[in-house]
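So, here's a batch of structures to check.
One chain, chain A, links the two complexes that follow: it is found with chain B in the first and with chain C in the second.
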Partner chain A sequence: MGSVTRTKLMSVMALCAMIGLLLMPVLVAIPALASDGGAPAADAKKEGGEAKVEKGKDVYYKTEGIVSGPPAPKTTDSEKDYPRYNFESRVLLWFANQQHLYYGSFVLAVPIFCMIIEFMGVVSKDKALAKRYDQLAYDFIKISLTAYSLTAILGGILIFTFLTLYPAFFQYLSGIFRPVMHIYALMFVAESGTLYIYYYGWDKMKEGFLKWIHLSMSVVLNVIGTILMFLANSWIGFMMSPAGVDEQGRYLGNIWHVIHTALWNPLNLHRILGNMAFGGGVVAAYAAYRFLSAKTDEERAHYDWMGYIAMALGVSFLIPLPFAGYWLMREVYAYRQQMGITLMGGLLAWLFIIQATMIGILFLSTNYYLWQALGRMRGAEKYQRYIKYLVFLLTCGFLVFITPHTIVMTPAELKAMGGQQHPVLGNYGVMSAKNGGINVIITTTVLSFVWYMRGNKVSTVSWSKFGNIFMGCFFFFAYLNIIMLAVYGYYIPANVRVGLSVPQVATTLSCLFFMFALNSVMMKGAKQMGPIEWGKISARSQYALIMLATAFTWMMGLMGYIRSSVRLFWHVNEIMRDNSPWAYTHTVGFAANMISANVLFFWISIMFVFWLGALAAKKAPVEAKAAVPGRAAAPAVGH
Partner chain B sequence: MIELIKAAIGMGWPALGILVGLMFYFKASISDPVANKRAVFKTFIGTIGAFLLFMAIANYKMNFFEESRLLPVSLVLITSMTFMMALYFTNISALLKIGGFMFFIAAALSGYGNWLPQVEGGFPPIEEKKDFSNMPQTELADEGEKIIFGGVGQNKVQGAIGKGQCPLCHAFHKGMLGERAPNLDGIPERAEAQLSDPRYHKGNPAARDSNQKEAFPGSGTAENAIEYIAESHSCPSCFVVAGFGVKGTNDKESPMPSIHKPPISLSIPELAAVDTWLYVREGREAPGFDEIVKSYEKFIPESDRPKPPTEGDAKPGASALMADGTEPVDQIFAKGQCVACHTIPGIAGATGTIGPKLVEGTNAPLRIKDKDYKGKAKSVPDYIMESIVEPSAYVVKGFPDNTMPKVFGQKLSAGALKKLVDYLSQVHEGKEPPKAS
Partner chain C sequence: MKALMSVGALIGVLGLLMLIGMIFGVVPSNTVRLVEGYMPMQVLSELAVFVAGFTGLSYLANSMGMAFPRFWQGVLFWAFVQMYLKFRIYPPIPFSVRAMYGVVSFVAVFMWVSANEEDWKKFRQPILNVLDANTGFHKALRTMYLILVPLLIGGFSFVTMKPSVDEPIELRTVHPAPPASTKVHGKTYTLQTSQNPYRVNLEGKYDQAYSNKLIVEQGMGRLMAPNANPWDEKAEGYLKYVREGGEIFFQNCHFCHGDNLNGRGLHAFAFNPIPANFTDPGTIAQLQETFIFWRVAKGGIGLPNEGFPWASVMPPWEQHLTTDEIWKVILFEYWHTGYYPRTWD
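So, the complex of A and B:
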């Protein structure tokens, strides 16, 4: 048997092993799930229906089920239920949880990036570019591998924190999820196994059929990672909107009901998109760090390119994120109206003002980076003179987006202003204006991207003049439509107004999809005014990437806090009450300080991970270094 | 500021000492004058940087649990430190600048969060044992207003909300916007009219188009206005006012939770108080307490009725709480009788001299460092908490032990204790005390 055939065989076997790892937890789970749901019923039948089987009604699904677990414990403010360690237990848990989440998000997002970038490399016809993509994907997975170990350690710390600080609560929750606990553990083993096979098989499966096998491995790896995340999400979904239990919190034997709660699906989608945008931000920050500390032009070129790709991937997931958030909020309102009001119009409303500011910062940073990036293209000067108009649009959208509707005031201030709302600015605090604001911001970002993509090119298609006029008109009418709908919203009742967000979002998405598509067609075979001079970008642009990454990390911390706080004094909403001395909601200021501390700890620790990665790169043999395509001086022509 | 500098030196003196020592060592040992100057200068910059870092840590430590909003100052200090270091340590300049920039962003966002109005969610309401059955109607209506809005006379205050959480969705006055749920202005009169709504199907629940036909099998429908209100509270989905159903259900399901169940869990007497207020505030005679209770019993089966708190259910001492934490801090001091023995700056009438003057922002750090201190506290808030719940952990010199009662840990709720700690930790000798209410 030839060595090539043997390698092929080994690769196929490795892929099969990965699929096996993926299926193993499912296969193990099926009989367990079947017996779990059926056991009490079977027992009842055995006794000929004479035995008294207690039934309960599902709090969410309203179906009947056989009581299969103890009720939620009624905790008291005591050492037994809430042990004390001379520090606020909730803050300790907050810290442990947030760090685990940051790392978890990162290691789940990076393999998705790798899959996309590796795929881009495989399908690219330009061999040099294909190699660069491949090396980039490899660099990404290398970073995530070190972070993976840290994630596991932090997961252990989190469980330890739960057990020591909130034993009664953890015991109840793990009791409810017992039927899938082993699946979770097995999925984790499967994730580790596949990740190592994928990483260490990189060099062995570089070409042809083997490369496709390797790419398939990344798909399997991501499927496992996604299932793992969905299972983790089911815990928080259950805590916010419990299902599968009766009013006393007793498990009713249907684990699917427990997992598939009212908020599970929107949480899943929101987290996937959020993880991707976050992962993009972290990798972009890494690239920015390497760019700023680079000693040679080659290094600068490589990390400039890496930063751009990471930013573009991150932002492409950031754009749909507000829409996913909108769906989540809608489901929250549908589940419990008062929960939605506590979030958007009650106790936690100020945190949403911060969130609006953060979203604005993210989009402003992205746009600023793209405008700076125009500077490394010859021929892009023609667009730079129009940037001031984009700044104007973004600023207007941003200011409207962050204006609060009502603010807490003293009676004297209230009297001076003549009411809860400011006579002029108050008009911008309503949803109608805000929808307009955010859609203007996103549409402007799309326009910046379009300009960037055609920066150094001149279309050669015969209808280019018509195409340009059409694009200009499309954007103009898109802005007009968004703003007109926002104004129209003031003249119609609220329940009708809510529906206006649909055409506004549709307008923004039309710009995104149609204009990107049209631009690509127009730029096919376009005349190049000059190459993209990778590495010839201002240092300020790299700080924009760092701003993007830090702001995203902060926003993740903020949104996690909001999501968790909305339960108020419930461990499990309406089922298990929090009777600890910390069953109150912190002030906005305290939360902001805590989020900053978490963000900075994460960045200091991930810098350490980056440093470890850099150490490994330094130790690589000289031949291997020479083969690193990303470090080649060859300029890439594509974006 | 002086305190901060002292705390920074107290915390970082070994490291600072080593750096200063190194500076002298370089000065004495490096013969090349250029290298000598560079090494000494860099160590000097490093010492300043380290000092700023310790100041930042000390500030974080001192203000962690306080409402002083000074924590972002720590981040600004670190930002300054990293940018200053980046100027002179060029080999790690990029790392320092990036770090400094991140700290700057975090400081800006933290500062923004601290600049916004500080809204804090209180502790869950304490279950009070009150006998509503023998109250006169006006008093019962007042209790109802408290449940709905959090206090008597609060019904016109925007944002006022009580245990019942009703104003989250309902408006209560003519002309007020209630988009999520019907405006309850004129409800006693309207309730009567709703019974003749063709969708209500009085006496024939099976004909209703709602997802839930009856509150429980056999409960039937309301026969009069007060029963209609009781049914709306206990089974909101039995009849949904047109236009206020869950989106997509065509008014077959209500978004309102059953008020006698979690998360609101009002008892039947509490619901009677609420209904009484709905009548009385419109100048109408409300049905009697027993009649209202009977209406609710028609729609809430025995097994679902929230049990009023009993002595057995309550945790030790909870039934006799001096303060539950919903009161302003000066009232908590008054209810706890602290004012009788202590002088507390900023608290009216707190001029007692049996116990020490409570300027804990100044005193607590000194006492923790006292060689006779045997308690466990490591911060100002911890010390104050310890002094309240375990007064003998440290007895201030000149005052006798066992004078202060040791029951405050049980007699004050966690929320009340937190308010006392927050207030006292901000009282400093010679400084303006914080606002008490």
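So, the complex of A and C:
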């Protein structure tokens, strides 16, 4: 029994307290659910003696429920429902919402990175590398902490904006979600508490068992963060595809129906992956900025490594993102054909072309970064001469992916084309071709990663020649399969065609998992042509990282706008009409400018956050500085 | 390897000569035909062959000690792609799409020439030379740029600002979103769930799998499936309804939509755009039957706001046809084109 045991005991108690805090809202919510469900019946009994219970039919689940709330308000274009401040209220709300979302995504994503990196450090047998990982995780959470305060401030501003500009709508929505509002608030408190203990306890819990406790705290932190996000997603899910209410918008007493709408699960998955990719991009951009402004080789080495890790983490979530998006769109079509067509074939189709362009930029930037990174390895020259073929594959996939179905043209061009449908472009403009295009792009990205991972190595296993031929054939047949399925898609019914995306995705993911695994086995004990010379990478690669982050930010803004504007003139789709003077769809140009303004503001403000982070680093004591990873000898491993 | 590269180089030279011939009108543009239905893959394959050809050419030039400067390789490859898009593909691609492709190919060329430090140095050297080399040639070039660049910018500004009598560009929505439901002849149809009452099997039940087996083959032949001739006197059920739909089509629709349903009917070219080409995979093949039902019943005049500019002369056929006739004509359109209506199951 000594101080160590007491500390362990205290740590376990702290963890239990935290888990208790996590479970408390759920426990609190159980009686709340029960009382809410039963309240109207009881009220009715009290009032009339004879039970007079009004029942309603759920607009989505088609089940019957007891009417437990007022109908959705029928707003009018008046000061009362839509107060005026000589400015388009919708634009103000758009701005507040977007900034809150940017920061929210960032602070939800970074702790997940921290958890992964800290775990890598804990399980690493190489002490120096473990220290580097630990320091990196700490650097990440430090950036996230300042951003966390800003997220809370922006959340407050958002609620204030809602209350001020759209009081009737906000009152209705908060009425519907009343049974879980307190859970949301309590989760936020739990998140804050856990984050602060996690951050400030870093040094105290850096060894042995305590380190595992610290790591467990990051798991708890991320669980709370994810639940918070799921709750926030239920609001937008409800606005797009309402459930749990009747046709008049009256709450029917089942909060699970309100939360679990048709689009909630696809939105949750899409947002988790999106946040992770975005978080990785932002941290990579931070590292790139620090790399470009670095004064010493040590600094450059450290930030080069940091940028690579952040990029790799971000991209590992970017790769499945289009498939999650595809699932979301499939559910949108299944929910309302009208909504799906408005998004992808109608009014908002051009925004989707811009989105496709952004996705292409993300993958192109990633590939370009990896090709540049080959330059810091001796022995990687053998791959560099084949890069032009990867460029060709990426470009073909990209061109098909961005070909619009609705083409901008003059009437003269339309006439010269002989009708609205072009025999080449028309085929590229539909989903079958686009699935092929994006899968070719992703498979090529996987190939670039494989090349990067074996850049400075020569396999020494006896079957390396066979392994290389097998990998070559695997990729060749993967491309062939993806393209053939894309062509075959034109000859089969649409519902089967939609299903074809499954084998296409499976092909791409097979390349990812099998080829990564095979490559790892082949490179075990491989002969190294030379170490990875961290810091010796072109400046262009860092601009590629900045481009990656900017494209992420822009695309998030764009997709948020698309998702929101697909409701057209509805606050809550088909339940509560938007009768404000701003219930029209903006022009593509205005939306693009607005998104750019949001992106610009976010980057200016996050630069401030970075600057604050750098300020703290400058004040760090000398002994802490000695542990800065860049200063240690760069390990031979690293990717 | 050398033999392979030589073949590649030969193909590259031949391809280039043909393209140049097409640009100057010496070689007919249909010498190597782009075949309808196969064009999309043909175009990508041709580009791949060109890339292989250029690689072969570059390899041979290097072997002979006459390496082609990387700068000009990049510039000329980009120019080649633009020429290919403009002069090879027919019907012509609208400028907006060519501009998109132009930007993407520019980025691709940049990625290629700057993929590694050595190539990047080779590529940018001529540019740096123009900026600061002190040879007489480069000084003259600098002076020329000094005069040309402002002139080009001025010329561009002039052309942009000059009042134009050209028709403005249009962002026409090809498939405007349909309403949730539509009312035709007093009956309301929910577009998400309604079905064509004539898409039935021999037992009279709605059966898309059954009708899918009886449609014509896709592709150039458009052959009828065995024992599935709607004009057979013994044809019953689905096939009979297809025949009836065909009769309605040829009495009312083919004047604009054409005998082959490709939008090139007798009166088609009186309109701009010409009527929808049902044989294109981007039209009815992408849509639910109920969408077609709504468009046929309500016509151009019934297009929603987002269908702006409402460049459609399609009559509201509910004023001329019964509901049953509309369903049958839709049945015929899918049968004839060999496409399957979209479903969500």
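We adopt the following convention: the second predicted complex is superposed on the first by the 612 of 639 C-alpha atoms of A that agree within 3 Å, B and C clash if a C-alpha of one lies under 4 Å from a C-alpha of the other, contacts with A are read in each partner's own complex, and residues count from 1 in each chain.
Here is the rule we go by: a contact is a pair of C-beta atoms (placed from the backbone, for glycine too) under 8 Å apart; a residue touches a chain by one contact, two chains touch by 3 or more.
Source: prediction; values computed, not measured.
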Touched partner set for A:334, first chain B, second chain C, both or neither: both
First (chain B), second (chain C), both or neither touched by A:396: second
Partner chain(s) touched by A:368 [first = chain B, second = chain C, both, neither]: second
Touching partner for A:384 - first (chain B), second (chain C), both, neither: second
Touched partner set for A:342, first chain B, second chain C, both or neither: both
Touching partner for A:484 - first (chain B), second (chain C), both, neither: neither
First (chain B), second (chain C), both or neither touched by A:13: neither
Chain B versus chain C as contact partner of A:583, first or second or both or neither: first
Partner chain(s) touched by A:185 [first = chain B, second = chain C, both, neither]: neither
On chain A, the residue positions that both chain B and chain C contact, one per complex: 333-334, 336-338, 341-342, 346-347, 350, 357, 406-408, 420, 493-495, 574, 585, 588
Parts of chain C lying in touch with chain A, wherever the complex brings them together: 34, 36-37, 39-41, 43-44, 47-48, 51, 55, 89, 91-97, 100-101, 104-105, 107-108, 111-112, 114-117, 120, 166-180, 191-192, 208, 212, 218, 263-264, 272-277, 280-283, 285-286, 288, 291, 306, 340-345
Chain A residues touching chain C - in the complex, by the definition given at the top: 333-334, 336-339, 341-342, 345-347, 349-350, 357, 360, 364, 367-368, 371-372, 374-375, 381, 384, 387-389, 391-392, 394-396, 398-400, 402-430, 432-433, 483, 487, 490-495, 538, 540, 574, 585, 588
For the chain A and chain B complex, residues of the former touching the latter: 76-78, 86, 88, 247, 285, 288-289, 292-293, 333-334, 336-338, 341-342, 346-347, 350, 353-354, 357-358, 406-408, 420, 493-495, 543, 546-547, 550-551, 554, 565, 568-570, 573-575, 577-578, 581-589, 591-593, 595-596, 599-600, 603-604, 607
Chain B - residues contacting chain A, complex: 64-65, 67, 69, 71-72, 75, 93-95, 97-99, 101-103, 105-107, 109-110, 112-114, 116-124, 158-159, 161, 165, 168-169, 179-180, 243, 246-247, 255-257, 261-263, 315, 376-378, 382, 414-415, 417-418
